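Below you'll find the structure, written out as structure tokens, and then a few comments.
Order of writing sets the chain letters: A, B, C and D. Residues in each chain are counted from 1.
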Amino acid sequence: MGNYLKNIWETLTTMLTGMRVTLQHLWYIRRDNVTLQYPEERWPRPERDIGFDHSNYNVIRSRLHVDIDDCIGCLKCERACPVDCIKIETVKVPNRGEDIRSIGHTGVTVNGTKKAMVVSRFDIDMTECCYCNLCTYPCPEECIYMTGGPNSEKHDIDYEFSEYDRNDLIYRFAKKVSDEEIESATSISAGGES
Amino acid sequence: MIVDQLIDWFPTSAAWPGLTFIIVVILCAVPVFLFIAVYALVAIYGELKISSFIQDKVGPMGQGVGLHAWRWGLLQPVADALKLILKEDIIPSSADKKLFILAPFIVFIGAFIAFSALPFSQTIIIADMNIGIFYILAVSSLGVIGIILAGWSSNNKWSLYGAMRSAAQIVSYEIPAALSIVVVIMLTSTMSMQGIIQYQSGVVWGFLPNWLLFNNPFTFLAFIIFFISGVAECNRTPFDIPEAESELVAGAFTEYSGMRYAFFFLSEYANMFVVSGVAAAAFMGGWQSPIPGMFDTPGWGLFWFMSKSMFLIFMMIWFRWTFPRLRVDQLMDVCWKGFIPISLFNIFGVGIWYLIVG
Amino acid sequence: MGIVKGDQMVLNIGPQHPSTHGVLRLKVVTDGEIVSDIEPIIGYLHRCFEKHCENSTYEQVIPFTDRCDYIASMNNNFGYVVAMEKLMEIKVPDRVEYIRIIMAELNRIASHLLALGVYGLDVGAFTPFLYMFRDRERILDIFELTCGARLLYNYMWVGGVSHDLPVGFVETVYGFLDYFEPKLKEYNEILTYNKIFIERTADVGVLPPEVAISYGVSGPNLRGSGVKWDLRKDEPYSIYDRFDFDVPVGEGTVGTTGDCWDRFYVRMLEMIESAKILRQALKDLPQDGDVHQAIPKKIRPPKGSIYQRTESPRGDLAYYIISDGSPQPYRLKMRSPAFTALSVLNEISRGWMLSDVIAILGSLDIVLGEIDR
Amino acid sequence: MTDNLEKLIKEAVEKALEGDMDAINNIEDRVTRSKAKAALVKAKREVAKVETEASPDEDSNDSFDSKEDKTTNEHIAELLIQQFSDDINKELSSQDHIQIQSKNWLVISTYLRDDPACLFDSLQCITGVDLGEESDLEVRYNLHSMTHRHAVEIRISCPRNKAKVPSVESIWRIGDWFERETYDMYGIEFEGHRDLTRILLPEDWEGWPLRKDYEVQETYHGIVVPKVKDGWE
């Protein structure tokens, strides 16, 4: 009988304690509230100051972006990708570091590297990208990066990219160029010079 | 009451009593249905908001084009109801079609007809039967038949589990609920709802209103038992094992969708109101004002009754978002080893109290 | 699964079911509510992680380990890099070690919060679940601050970590700990000591220590059975030997030792211990140092094999790595703690009711991504 | 100037190799610091190279019984040799594993679990290994003792065509699932297992995925297994 009453007593006290906790939360409605009203309020991007030069850091993992004019076609990012979502094709140019205007090819990167390749294809399939950030580290020209963070000046941050068609999420950064086009483009310029 | 008055008022009553009766019944039923619908919307909104606030969320915050409803999401239950109505009505191919269609209506009827004996105020009661409280107890257990039909006809193992659990649970918890009401009947010597409420006028212990809840310790205990049994009869947490969503997916209602599911939903909320209403009427003085002698016009009576019922509904919502769920055998334990002995003891105690205190 | 008798019924819990914690199917033979046999059927999330690894370089394996136990990705990274560093005999700087410990322990708290919250959901209490998720969110914020990702970090690299700590990180974590430690009381009040919860979990699904060891059950599940075994204490890897913390074990406070409540409560206590470790690590964290300095240019481990065990929130997470000297692992086997924990389910839940099976399954804290790999 | 720098770098690297990383971190000039780091990495690699060459290779058969302080593996191997001298492959065993033959594995495992000197009550892991397309398959058992707190690795190799190993499911219960997993991935049959079926893959899967000679099927249940996705060539 004592046990029976003790059980009832324990049940009552512990349940009332629980109800007290929930009532407190009901009373102080806004105290611990963490919900964001999404379209009006956006998720705050963490402010990040790591105290020193952080040009190598891509801390926000948003969408991948390539500054295609800087790409020298070294294929390092393609090799680093664990899910093979980057596809690069290159064509050799006859004269290293020379602009080919007719196909919009810039010969020299921002860092001053002379390009030996025309990147005729640079596709990133963002449906497969696993946001591991591995491709951004080996890049010698720092031209592939996650948008946002220290790169937010170069490219707007975009968390909410969405498309109606799945294929639209394959980003094609390079303009498609065939071998013949390059040949003809270079031969014209070569002919002009001679 | 209302039924009698209407029948008297109709000029045709002498000539065609049968026709008059049917007209009057429809005239009473339509407002009750509308009341249930509106009340359910309010209760769903309340549940959404209260649960959100308890859980540190914000709840619905604005629905509808251009109608941001003052940014409080007031139209959320309407949107929910619209969604349920517009949804495709799916009947499983292997279901027992007739019973499957019939089940939600039976469940709803069980909750619906109990409203006819609920005393909303001094004058607003559809039929003040001399066995009113007995009638409510009787018809409110009709719903279990519907749940069993739903579980059986769905041809789904989860549904069957839910239905069997529900049947065992509701039938068991009828007993402590009824035994607690026996305490009330013993004191008031009437089964009429209005009679019970009228008994509770005046003052007790010097300052408290003479509600049965405060009348003596045994009635207080009876109130607690009745209310908890009521929660169990409504299949609300912590007694929601028939639809235990983490175990049985949705229990007896697994296969239901759209409008049929909405009816189950509606009857759950209607049942909550019936239980709260009966508890308010039988133990909390119904439409009696909490300050004896003041605010006791019929209009105030409606207000008092509604606020008492709503308070009890709030308690149910509060329970739901605080407690874990009991297991099915523990549920039976609580009923058969806890509530029934205590309520039997209660009847005995009230008898003694009545003899000694008077 | 033997012959189903006339009064028995086969019930499929899952693959789509609210409380199977992923895509798990339980083939349950029931007699009314009583469960007489359970066969867990796994593999719905199988993606052959080990074959993937054989075809990728050692760096590329790290994102895959993230996705095995997606609740505790940091710990999975940690186990892998500890194994790799041992195989390659790399000595990482102290600062990196401390950062790793901080991240691993934060993730342990996050993982336990999820496990406990979802366990509340399994037994029907919705509110504690959201309270715990609310606090887990703060940990994820800290991770986002550090490495930009909230769930799948790819943070720990062989020989270092991918990002240095941001300015103000230490204060943020201290702030979180100050916020978090009082919240444990609230969890206990609303769930742990609730009588209904105790009724649901005490004496249910008792896992005796010898059965647990024979089934290879590890981590909080093993400690819940009263076995004081924690790899952080008993076989310290990284720098866990520098910290002072206790190993909580189940004591049968409200029921039998090794019941669901013990397994639950051990996790609750472990969060306190993790907070303790965090405070010590934050205090001793070396102020500066390059987190990248020990990262090898090319990861080509010498020929050989290694079996390295680490303590993940779910238990004994081990990597068996065989290297043939090439930049790709010859064979990489992951010994997942949840896999062994699930295998014991049949043993401890026979004879209980259907609702208890859900409770027992929840108390084992499985992650299907790790079981199916 | 350059001589000075080189000297500085050399000193710093020497210190760093002894464990004093600050020596390098304290170098103020950035270029020098990075040079020092590069030199350090180089030096470390050389050290590691020397060590790896010195340390016994995985399959080397020397250094068995030769060292003074023995690893658990060697200790247990000695015990096993006393009991089951025919079943232990002494040549292939080394200080980090014991190579045994599959025939008496059930008896040996019972001994390993029950002998007071071993008491390996917990089977940590079963790893299947394909030693190459032309060679054998191997099963590796990592055992651990909760009482003595020591661990041992047992390896059993079996021919590729007739891969059969006695099951230890009755010794360690977790063997049940681990063996099913190894069977699933390598097709190694564990004799005496109650229910040796595929565990992770579907029952009707063809082939053993983790074998080195596994080829992806063309179709599965009539669905063509895509090798290249659309628009991606």
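Everything that follows uses one rule, which is that contacts are C-beta pairs under 8 Å (C-beta built on N, C-alpha and C of every residue); 3 or more make two chains touch, one makes a residue touch a chain.
Only a predicted model underlies this, so the values are computations on that prediction, with no experimental measurement involved.
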Pair of chains joined by more contacts [C-beta pairs], C-D or B-C: C-D
Chain separated most widely from chain C, comparing mean CA positions: B
Central subunit by CA centre of mass proxy: C
Gap in Å, rounded to a whole number, between the CA centres of chain D and chain A: 36
Gap in Å, rounded to a whole number, between the CA centres of chain C and chain B: 45
Distance from chain D to chain B - Cα centre to Cα centre, in angstrom: 66
Cα-centroid distance, chain C relative to chain D, in whole angstrom: 23
Multi-chain contact sites of chain A, meaning residues that touch two or more partners: 15, 18, 21-22, 32, 34
Interface hub residues of chain D, defined as touching at least two other chains: none
Chain C residues counted as touching two or more neighbouring chains: 127, 134, 190-191, 194, 196
Residues of chain C defined as touching chain B within the complex: 9, 11, 17-19, 33, 120-127, 130-131, 134, 190-191, 194, 196-197, 199-200, 353-356, 358
Contacting residues of chain B [partner chain C, same complex]: 51, 54-57, 157, 161, 237-238, 240-241, 244-247, 249, 321-330
Touching residues on chain C, where the partner in the complex is chain A: 56, 59-64, 66-67, 127, 134, 137, 141, 144-149, 152, 154, 162-168, 186, 189-191, 193-196, 198
Contact footprint of chain C on chain A as seen in their complex: 7, 10-11, 14-15, 17-18, 20-22, 32, 34, 46, 48-51, 57-61, 80-83, 130-134, 146, 149
Complex contact set, residues of chain D against chain C: 19, 21, 24-25, 37, 41, 48, 51-52, 57-58, 96, 121-125, 127-130, 140, 142, 146, 149, 151, 153, 172-174, 176-177, 181, 185, 198-202, 209-210
